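The chains carry the letters A, B, C and D, assigned in the order they are written, with residues numbered from 1 in each.
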Amino acid sequence: MLSVGLLGAGRIGRVHAQAITAHPDSTLSAVSDAVADAASQLAGEYSAQVRSSHEIIADPAIDAVLIATPTDTHSDLIEAATQAGKAVLCEKPVDLDLQRAMACQANVADHQKPIMIGFNRRFDPNFSAMKAASDAGEIGKTELLSITSFDPAPPPVSYIKVSGGLFRDMMIHDFDMANYLMGGLPVAISAVGSAVVDPEIGQAGDVDTAVATLTYSDGRIAVIKNSRRAAYGYDQRVEMLGSEGLLQAQNVLENTVIKSTADGVVGAKPTYFFLERYMTAYKAEWAAFVDAITAGQAVPVTLEDGVAALAMAEAATQSAGSGRPVQLSDILKPVAK
Amino acid sequence: MLSVGLLGAGRIGRVHAQAITAHPDSTLSAVSDAVADAASQLAGEYSAQVRSSHEIIADPAIDAVLIATPTDTHSDLIEAATQAGKAVLCEKPVDLDLQRAMACQANVADHQKPIMIGFNRRFDPNFSAMKAASDAGEIGKTELLSITSFDPAPPPVSYIKVSGGLFRDMMIHDFDMANYLMGGLPVAISAVGSAVVDPEIGQAGDVDTAVATLTYSDGRIAVIKNSRRAAYGYDQRVEMLGSEGLLQAQNVLENTVIKSTADGVVGAKPTYFFLERYMTAYKAEWAAFVDAITAGQAVPVTLEDGVAALAMAEAATQSAGSGRPVQLSDILKPVAK
Amino acid sequence: MLSVGLLGAGRIGRVHAQAITAHPDSTLSAVSDAVADAASQLAGEYSAQVRSSHEIIADPAIDAVLIATPTDTHSDLIEAATQAGKAVLCEKPVDLDLQRAMACQANVADHQKPIMIGFNRRFDPNFSAMKAASDAGEIGKTELLSITSFDPAPPPVSYIKVSGGLFRDMMIHDFDMANYLMGGLPVAISAVGSAVVDPEIGQAGDVDTAVATLTYSDGRIAVIKNSRRAAYGYDQRVEMLGSEGLLQAQNVLENTVIKSTADGVVGAKPTYFFLERYMTAYKAEWAAFVDAITAGQAVPVTLEDGVAALAMAEAATQSAGSGRPVQLSDILKPVAK
Amino acid sequence: MLSVGLLGAGRIGRVHAQAITAHPDSTLSAVSDAVADAASQLAGEYSAQVRSSHEIIADPAIDAVLIATPTDTHSDLIEAATQAGKAVLCEKPVDLDLQRAMACQANVADHQKPIMIGFNRRFDPNFSAMKAASDAGEIGKTELLSITSFDPAPPPVSYIKVSGGLFRDMMIHDFDMANYLMGGLPVAISAVGSAVVDPEIGQAGDVDTAVATLTYSDGRIAVIKNSRRAAYGYDQRVEMLGSEGLLQAQNVLENTVIKSTADGVVGAKPTYFFLERYMTAYKAEWAAFVDAITAGQAVPVTLEDGVAALAMAEAATQSAGSGRPVQLSDILKPVAK
């Protein structure tokens, strides 16, 4: 039974607490949070201890830590937990600062225990079924990937201001999805964005609607569309065109009921947001991490994957600013250890 | 925290053990089964005690029993548990013998604790959404109900022989669904059936393909179609036509991936069988039972509902044999207490 | 170029005029109608002559007649046209009176030219694709057929009174569809019906909502559901369950646009009524008739087919009245020529 | 009755001949083609005369000409027909040479009769229903448009070489669709393309897979995806995201039959190519042209629209070559008359 310490008791921390507890081979031992009440409430629900992050990392009885703290603490906590010999599952992104993330990657390069980044969408059963079909050659050779990813509603502008911007905060998920499905990185990224949903987002220096085009060395192309607002719910669809066909992963709907009246044929909306859509994925993500620890299986999303997605977000941000494509190699220059 | 005793550790007992344990307000205290290994294995997984059904019912520390034993023991166990002051959730059907079920109903008529029958499909989120839409008048006045209910593959003929026949074993679920959605009982049932899936089922005196037509006092009509085999999986669909439109509850699919190739546009199959399709429903069913006990809410599926569905199965069985419609009032004659 | 006389210039006559004219190998030469204005207007549009039915049938220059007159004239006109050596396409039903239809069949039994009955739905590309898939064994051996057939709105009660009743006027199409898809006739029919759409229909002695169950000698079963009202349009769906799968022919929609908003995901309604849904079928029907005449191909819907469907309607009408199944052999007794 | 001369008797000319003839207010009087056999065969089918383009344009009895000749003759023929006082419907594109197209536009600026460019997709009932819904504000304010447009299979490389390239030959349809749906022109276009379908297309200097991103002065964004190959047929889908929802126009399928077996749930493919998909649109296009002539209604696709789409294709071609966005204003500079 793995003893797990959870760093961060916010919304996403609560999701992970549920997954940790539901897994037959792991137990939630301790919870930390800068907000004492958040930690104690969550710990209470799962009969876990409230401790500081420092104490959790220092406790040799704890096997693994799940980092769900604010982004600017991720790199430090990854390094500290690594040095203390823990297995680490860290929420995305690794960092908002690519240089810091790359330094972190270099600093923990020799670590023997699993380090995994929480790109939960790879574990969604629809996307993983699509990946399996694509890898099995069911549509031949892949040529064109298209990702549609719309949130139901924009976050508060106060959050936008500290988020690192749409490309680092939101589209980073889709960059990782592209890496997952295409099996490698693009050579260049071109992006455009604007604030058509809410002008205040624009005044805060960010965009709320964006398109990025990724080109690959072998001629393949990927397109990612993001919007901070979809009035009908969380829109998460992927299409892959190959030499022999098309794969589409459609939205998950609230239910299967269809109503036909004089007004039309009405079906259910997509599930509202990520908690509804991806709870299955969070559980599968945790199971994969446990397998990496206990069965020595490969970590399915590495720290390198986390850095790559962040570099792509950096490239897209620069491209949207300059109006020019950005070469990923110009972004992903090696960092001295 | 409700202390629960589970009578029966077979396939469906295991489903309930999972739901009981997952609920925050109930715990699985004891398990019984005629097969000692089944009981001990299940009890071991959930840190419950292995005891006899008699001991569980006699233990005043146990608040509720879930009856998942063979059908011919249901009535006796309902009566015994009731007399011992337990709340009771009993798997369908109440009995294969309608007279015995009606006697049981009479015998426990004065019981104060909740007695609930496990018609799990009422708790499926798709069917309950349909029920809510219908009750809200979204399609006006209901006129015609149609239920399609196909199993993926027939059970062994050895099971068929003791099952009570398709109408009591399989279509009984659909009779209850009709009662649930139509909000009352039909006046007459006409049924036909044949053994076109497997002639051995016919030789065993049963049918594997059947259609029942239910007529209501106000002119409404319901049709139920059953087959023991659907090569593509578990087919569970319902349609209601009303004065202002149509409601359809479609199948739940394994995933949302669609593959378009030169061979056509291929989507996922329905989930394979009842465990995959109705796990959510079993959890909601248990939660409703807990609410009935702890919050004093009405039992959503009563013993009377269980007897009604059984009477309809009896009527359909008679009709399929005689080729004549059967009046439900001729079946549901009162039984002396 | 076939010279065609059209008997009847009503709504369905106009449909046929369009199909006759559009076909490269046929031309509309003459039109008759009891209402002189109807005949002259239609004839004017297509540069055809206005003549009496008698004159058209008597004219040796006319190769074929299309009978689209009131039902009670069908048998007489079939016989007259046949005796005059014409090829005949007659709208369904052959007659409302089964005995008269059977006598007609006997009277024209030796006729050498094609006699075809206008069951247009056999020529719908969706149903014919389903038939082809079924015949090709794509779902193995057929076991259970289900036909849903709802009109958008009931006709005037004045029409209901002379229609012969729902089974002869409306469900007769579905009886023919069952014969087409199942490749033969059932042995017995059981039907129920009620007037829940409009009580005035009930007062006129008819039903507006009905279900018929057809049983076949080999154990197969078919179910037909009819309603005179579907608020969302013309609902025309068929399902066939076989040993290896299910075939479904879905509705044809007005367009492919889907709108997702906070209110749900809304698609287009089915096409409104038979003119919209079946115009393609009417053209294919006419083409098949022309091929039967010019290329000597078999008539795809024979007079015998027309009589069989009428007999099934008679059986269903009797069953709905008596509450008992009716053997088709009791209805289809031979008539002396 | 409009007398129409058809210039060009190739594949698309035949489509137009059918639409012209089927329209109650127009008749096909004369056909020309550089290949004499093509002209005489088509003329024979419709009882039209075979004449030279020059003769047709010079004949005062001909009211309108439809130009379906090779692209490099379009501008000359538009000018000649215009000077002869004809109404003109010209197939897209106006020209491969933007300067020549702009000169043509200037040369006929004072023409009084309708000049219309054949962007047939505007007349597809699905796209026009989407346009109507968008214009009616059903999804609020439009923010993001996405067009998917894949041909079933690439044309011969010999055609590719003279086609003007994917952006001028294929994506030009989608540029016009964007202009139609967005109600105006973008300010800049950024495009990428590669030859992943067939390396010979790359050797011929063209691409077969491409993505263009269009940005608008008010922050709206449009994305167009093109591929010369979709193994499953002609893929023609459009999505518009607005402040209150999403509109999607899905593909038109060959039929509505769905087959569920152990292998999955299989629906029909999209209609194979443009003749199957857009025949309805070609007829509606011709009807709109006739209305423009006879009822004085506005021409729905002007010569200016044709020049705009061509300019966008020019911009995309330049962008795909340079890797930089291209300002449409740099392309659409005025030409001296």
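The rule we apply is simple: a contact is a pair of C-beta atoms (placed from the backbone, for glycine too) under 8 Å apart; a residue touches a chain by one contact, two chains touch by 3 or more.
Just so it is clear, the model here is predicted, and its values are computed rather than measured.
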| item | value |
| --- | --- |
| Least hop count linking subunit B to subunit D through chains in contact | 1 |
| Centroid-based (C-alpha) most distant chain relative to subunit B | D |
| Distance between the centres, which are taken as Cα means, of subunit B and subunit A, whole angstrom | 41 |
| Residue numbers of subunit D (touch at least two other chains) | 139, 230-232, 244-246, 260-262, 268 |
| Contact set on subunit B toward subunit A in their complex | 125-126, 129-130, 133, 138-139, 244-252, 254-262, 268 |
| Residues of subunit A touching subunit D in the complex | 139-141, 143-144, 146, 148, 150, 190, 192-197, 209-211, 213, 215, 218-221, 223, 225, 227, 229-232, 235, 239, 241, 243-246, 323-325 |
| In the complex, subunit D residues that touch subunit B | 230-232, 253, 260-270 |
